[in-house]
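First up is the structure itself, then whatever we jot down about it.
When the chains are written out, they are named A, B, C, D and E in that same order, and each has its own residue count from 1.
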Amino acid sequence: MSQRVDEPHDDMRMHITAPVIEPGYDFGTVTDKISAIVLRRRTPPGWFFGFSISFIITMILMVTITHLVLTGIGIWGNNQPVGWSFDIINFVWWIGIGHAGTLISAILLLFRQTWRTSINRFAEAMTLFAVACAGLFPLLHTGRPWLAYWLFPYPNTMGIQPQFRSPLMWDVFAVSTYGTVSALFWFIGLIPDFATLRDRAKSRFFQVVYGMLSLGWRGSARHWFRYETTYLLLAGLATPLVLSVHTIVSFDFAVSVIPGWHATIFPPYFVAGAIYAGFAMVLLLTIPIRKLYGLEDFITGRHIRNMAKIMLATGLLVAYSYMVETFTAWYSGNAYEEYMIFNRFKGPYMWLYWLLIFCNAVAPQVLWFRRVRHSNVAIWIVSIIVSVGMWLERFIIIPVSLHRDFLPSSWGMYAPTLWDWTMFIGTIGMFFLLLLLFIRFLPMISIFEMRTILPQAEIREEEA
Amino acid sequence: MDASHTTPVETSRFQMRALIVGIICILLCVVGAFLITDGLRQFFHAYLMGYVFWTGVSVGSLAILMLHHLSGGGWGLVIRRILEAATRVIPLMFVLFLPVFFGIRTLYEWARPLETIPEGHREVIAHKTPYLNIPFFMGRFVFYFVVWGLLMFFLNKWSLEQDRTAEPGLRKTMQGLSGPGLVLFGLTVTFAATDWVMSLEPEWFSTIFGLLIMAGWGLSAFAFVIIVASRLANRPPLAGVIAPLHFHDLGKLLLAFVMIWAYFGFSQFLLIWYGNLPEEIPWYLERMRSGWQYVGLILVLFHFAVPFFLLLSRNLKRHARTLAIIAGLLMVMRLVDLFWMIAPVAEVHGGGALGLVLNYWMYLLAPVGIGGLWLSYFAHQLRQRALLPINDKGMENLLEQAAAARHHHEPELQGIDRPEHI
Amino acid sequence: MPQIFHQSTNTIAKVSIFGAVFIGAALLFVIAEFNRSSYYTQAFVARPQPVQFSHKHHVGDDGIDCRYCHTTVETSASAGMPSTKTCMNCHSQIWANSPYLEPVRASFRDEKPIGWVRVHDLPDFVYFNHSIHVNKGVGCSTCHGAVDNMPLMYQVASLQMEWCLQCHRNPEAVLRPKDQIFNMQWQAPANQKEVGAQLAKSYNIRSTAVLTSCSTCHR
Amino acid sequence: MKRSKIPQLYGLMAEFEDPTDVVTAARRTYEEGYRRINAYSPYPIEELSEAIGFHRTILPLIVLIGGILGGLAGYFLQFYVHVFDYPLNIGGKPLHSWPAFIPITFECTILAAAFSAVFGMLALNKLPQPYHPVFNNPRFALATRDRFFLVIEARDPKFNHEETTRFLQSLGPYEVIDVET
Amino acid sequence: MLRLKEKVERQTAKMAAPGRASTGPLVLVFLLPFAFLLSGCRQDMQDQPRYEAYERSEFFDNRMASRPPVEGTVARGSLRENAALYTGKTGTGPQAQLVDTMPIEVNEQIIRRGQERFNAYCAVCHGMTGKGDGMVVRRGFRAPPPLTNDRLMEAPVGHFFDVMTNGFGAMPDYAAQVSPEDRWAIVAYIRALQLSQRAPIAELPPDARQKLEAGGQK
């Protein structure tokens, strides 16, 4: 896939100092090592430990949702003037995290970056689960989630239609399209690996299950050719899609006239932030998992370093946006814009703002240093800081902009309730629960793509 | 210097011609400025437009050069010397700012005495005086050029050194400068865009504007480099090294820049249209009536839609000459975009069809004039060095491939008339 | 690995994927139809009442005017349910000893209202007002149907929002002259389009934009 | 697995251990004049599909058409809804607010294009096809691991059991076996 | 929706039944994640915790949510000081006399209004022409005297108003069904009805007379 044989070189590889796969593997061993995680190897106790914890946290989420639906969204802390808060903060946070998956899969594929191969499957799964977590929040914020289908245009008995001029409707379309296309992309990528698992599985049950999922894939050259075309086309489609999703999320805010929301830089700023948070999350997860499953040979130091560099680059874009926003707030000469910045700098939530600046703009600058980039622990810590920072960013944008709007008499404060927290933490539990199930039952590294980057995969030129 | 790696002789002829055309156009404009009514006003706006455009090609090239140093890739190696030559025109652009300085009071409302500013604008402009005043404006202008000049100087110096010494560590050095260099690029261009273009209408503001200009500059630089590369591709030393694959990559990046520009442009438009705030929307209202809407439509069609669909095709991207035509279209569209941003400010009206010609002819000649000088200097710079960074580590790989491609069934470079004797 | 699946699975798999589209579409269609069916809307379903009151008898046979019982229909949101005393106006002498009417007499005696079962039950978030409709040319039978033919009362309309909007978007189609409002036999004339438009003008009926604005019905 | 039909020959299958060998073998087979041939590999090899004479697909066209139709449908849905079906004044925005219709149009384009890509690929590949004669070879399980297979179908006009077997043997495979339907 | 809820609850209860105590709690644990689905079975926007007109109430003795105002309540501006208008009599008490002049201005509009009300409320017994042959009478109600008999022709207008307000003989009162203004309108119409049937031919306008004569000849 990534190693085009009519292009025997790999441009990006010219700078390679470390390999994307450690030497000494062949088709068979790569296949066996990855499929064994699913089929043969005993599940490590760490998995059960993690599963139990995330199951319990997921149960907390379920209790929260039940209570929420029975009582109403009044159990949350948001109220006038802060009408949007944790529900939307967490939505944006999760959607942002979901961005890295498609970015790694699609954009790096288009740019023929072979190092993506060992992490793309995992990152795509992450995308799907993050989108699932994200989707919960607006769904529940509607108050009546069982009527969510009202958001789609269909010949209903009410004789009305959704309001397509509303950015919230754009969001519905963007997020559902994103979820669908990501799932398709993920599933298409899995088909050949399902076939591998089908052929390796010992029990009849798994043979049938993986056999059905593989759709009867048999590796025909004709099939591969169309498959490759499809995969590239999907990558080409997913790239603008992924950018559009956070762009549209930013529209939710930016089309309004709330100071702190209405800024034309919001679309690229949100996209950069999303990729930033997404890569932080990928690093946060891959660093321990490669250790736990002994996958250092496939997810090498080079992967970690490259992702750290991307994190630094997007972090700089986010910092740039903070700067431009601040400068323009003054430059605009608009009293409300200026007050918005003043309120961030010196208002009641100033500590969160300065913490955000530290987390998102200051701390990641250590990644400029080569030595830091070579320390997985340091990168891991930076990833945590960035994840927190990106959450804080949404907090600053949403409640802090809302709590002081144009009319001082309607100013108020916002504080999350217990249920806000259980909802947020609950989705983290659900995310990990789904991720652990994925690791247990599906190949977390794309086996067939790993085969393509083996040196043996190259077709030797005919001796002329 | 290995003679076989320098520019073909035709460039010197081109250098002369460009210089002559440039000088003639500039002179015509200067004459026009003093002869026709409101001529000075038209001259300065037209000149600013040309100036911003050609500075963009230089500074955009600088950014692409740094991007290449950071990420590597064959596409960057084959155009590196073109990019470097384009950056070396930056000192010329520093000098060419002089007319803008002379026209500062004509161009910028904020530069005029506060008392002469109409009541409605005065308060907002007074607020901005700490930033928008002539000394600080000039200071910033010098600062931008110092930053760009230093980046240009070191990257070119090390590149030349690499040619001479083949020191492998230089690669890392250039890479090391490029990271912070891009950060500086982002900051300087943002403020340059604010200073030179956004402050033409001092009441208006948009946070994405810096990025919009950055994307535009990057796009014009890319388009320019593609045109030059396609012109040089059929002659040594590039012939046989630059392959359809590289044009494919350049085409992809051109497409990416087209999409990014459209994305930024649409984002700014949609948000301001939707917000409909009195301090923002006039900028678009002004550009969506009395004929300007057609200019906007041309931008939508030919700055985005047409190149977008053309560049989707794999074959068009690999066909050097077609790609160069698309790039040429985009260069023109960059000018139209700047025209759409700058010219409505000049507010010269009337006179019917003849008036249209009289009021806008300089917008055609000024960019050509500055372009003539720019291209002439560029051609001069291009001839100073080998066309390929022959001692870069990536070059071996590149030459090997080229050999392999010739040997294997890699199709010949399409759309290039390869002279028989090669 | 020999074959895992039987040959027939090829067809089954393809048919099920292909069929899923049609099954999905059919399911949507069925759901949409179900939501409009009288089973769901309870239209045309007569409700059992504590007293077998027949509109057919009272309206159709006896020709009693709607307003004789539903006295507030022209003046307030609710059309008004008659008090037992209104029944007794006549039934103090007619059918005065009928066992059918014992609940009515009991109610009159004990001053306990009869627990009629509501037939037309709009959701509580709809603020429907009878008087504005009756005074602006909407006849009783337009919404309630041929009540003079209903032995037991039932609704003829779905009472769904699309049903409301169908008039609010195009009121001209149903408007009647003032003196025809309570006429159960009224039929739209052939030139209803023109007549309706004239009536709409004379009644000062507001524009469709106002009639279909959310807050017209939901407050 | 019970089958009521009498087993018939589907074709001959040659197994290879090295990707270059299978590509060479496939080229030779194609040059020999066989057309009903197919090759199987555990990962995509562009040379292999080229070798068996397959290097063009209409998928990009399907996706382009799907995308354009999806985009048009998305835009006209919004246009129809807001201008004809449910015209409602919201915030004084015009009914036909084209800038506001762009995001959903874009999403619909992508969604329709992605669906056409996936279902187009499945349809062209005639998948799902859980049963296929090639699976009758027990060693074919390695086609998803590390082995490469070349199949000449019995339907090929040039097919002759003995001759074709001999031909395949000459390509230096690991083994050549008969595959039943 | 509710039926589903019951079903699920019953099912859950069955699973948790003591007979299958070994698997019951386990099943419950696995059902727990889906428990929140039940919370969707609510319709509280359709039926909000407030009363609509005529709704049943469990709170009040007579189960009526609609409460009549307390006896003797007078709405602002409705003290009904004008005895003639509201009682049809001059003054109050036993000495009060029925009025013989209309307390409201009579014009064609009022008469037409009276006709409309008469047809809706009175004609069921009195018949459209006031003959006393309405549908209800034909069903067996005691027949009222024709409105055109001599006694009623002579009766003062207050008499009609009083009968409508308080009832008379077998006739119940219509105070609750017809407003005082409408009652006066009906009175006006009754007068018109009487006139229409007992008018001397000479008093007819010429065109009506011509019509009548033409009809008479036939």
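FYI, a residue touches a chain if its C-beta (ideal position, glycine included) is under 8 Å from a C-beta of that chain, and two chains touch if they have at least 3 such contacts.
As the structure is a prediction and not an experimental result, all values here were calculated from the model.
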{"item": "Maximum centroid distance from chain B, chain identifier (CA atoms)", "value": "E"}
{"item": "Innermost chain, where centres are averages of C-alpha coordinates", "value": "A"}
{"item": "Pair of chains whose C-beta contact count is the highest in the structure", "value": "A-D"}
{"item": "Euclidean distance of C-alpha centroids - chain A vs chain C, Å", "value": "51"}
{"item": "For chain C paired with chain D, centre-to-centre distance based on mean C-alpha positions, whole Å", "value": "57"}
{"item": "Chain centre separation (chain A, chain B; CA means) in Å", "value": "35"}
{"item": "Intercentroid distance (Cα basis), chain D paired with chain B, Å", "value": "44"}
{"item": "Residue list for chain B, restricted to those that touch at least two other chains", "value": "270, 274"}
{"item": "Multi-chain contact sites of chain D, meaning residues that touch two or more partners", "value": "88, 100, 122, 128-131, 135, 140-141"}
{"item": "Sequence positions of chain E contacting 2 or more other chains", "value": "45"}
{"item": "Of chain A, residues touching chain C in the complex", "value": "154-160, 198-199, 207-208, 211-212, 215-216"}
{"item": "In the complex, chain B residues that touch chain A", "value": "71-75, 123-124, 127-128, 131, 179, 183, 186-187, 190, 194, 203, 205-211, 245, 249, 252, 259, 263-264, 267-268, 270-272, 274-275, 277, 279, 393-394, 397, 400-401, 404, 407-408, 410"}
{"item": "Of chain D, residues touching chain A in the complex", "value": "18-20, 23-24, 26, 38-49, 51-52, 54-55, 57, 59-60, 63, 67, 77-78, 81-82, 85-86, 88, 90-91, 93, 97, 100-101, 103-104, 106-108, 110-111, 113-115, 117-118, 120-122, 124-125, 127-132, 134-135, 140-146"}
{"item": "Of all residues in chain E, those that touch chain C in their complex", "value": "45-48, 50, 52-54, 56, 62-64, 116, 119-121, 124, 135-136, 139-142, 170, 172, 176-177"}
{"item": "Residues of chain A touching chain D in the complex", "value": "1, 4-6, 26-28, 31-32, 153, 159-167, 169-170, 173-174, 177, 180-181, 184-185, 188, 192, 195-196, 198-200, 211-212, 215-230, 233-234, 237-238, 240-241, 244, 247-248, 251, 448-449, 451-452, 456-460, 462"}
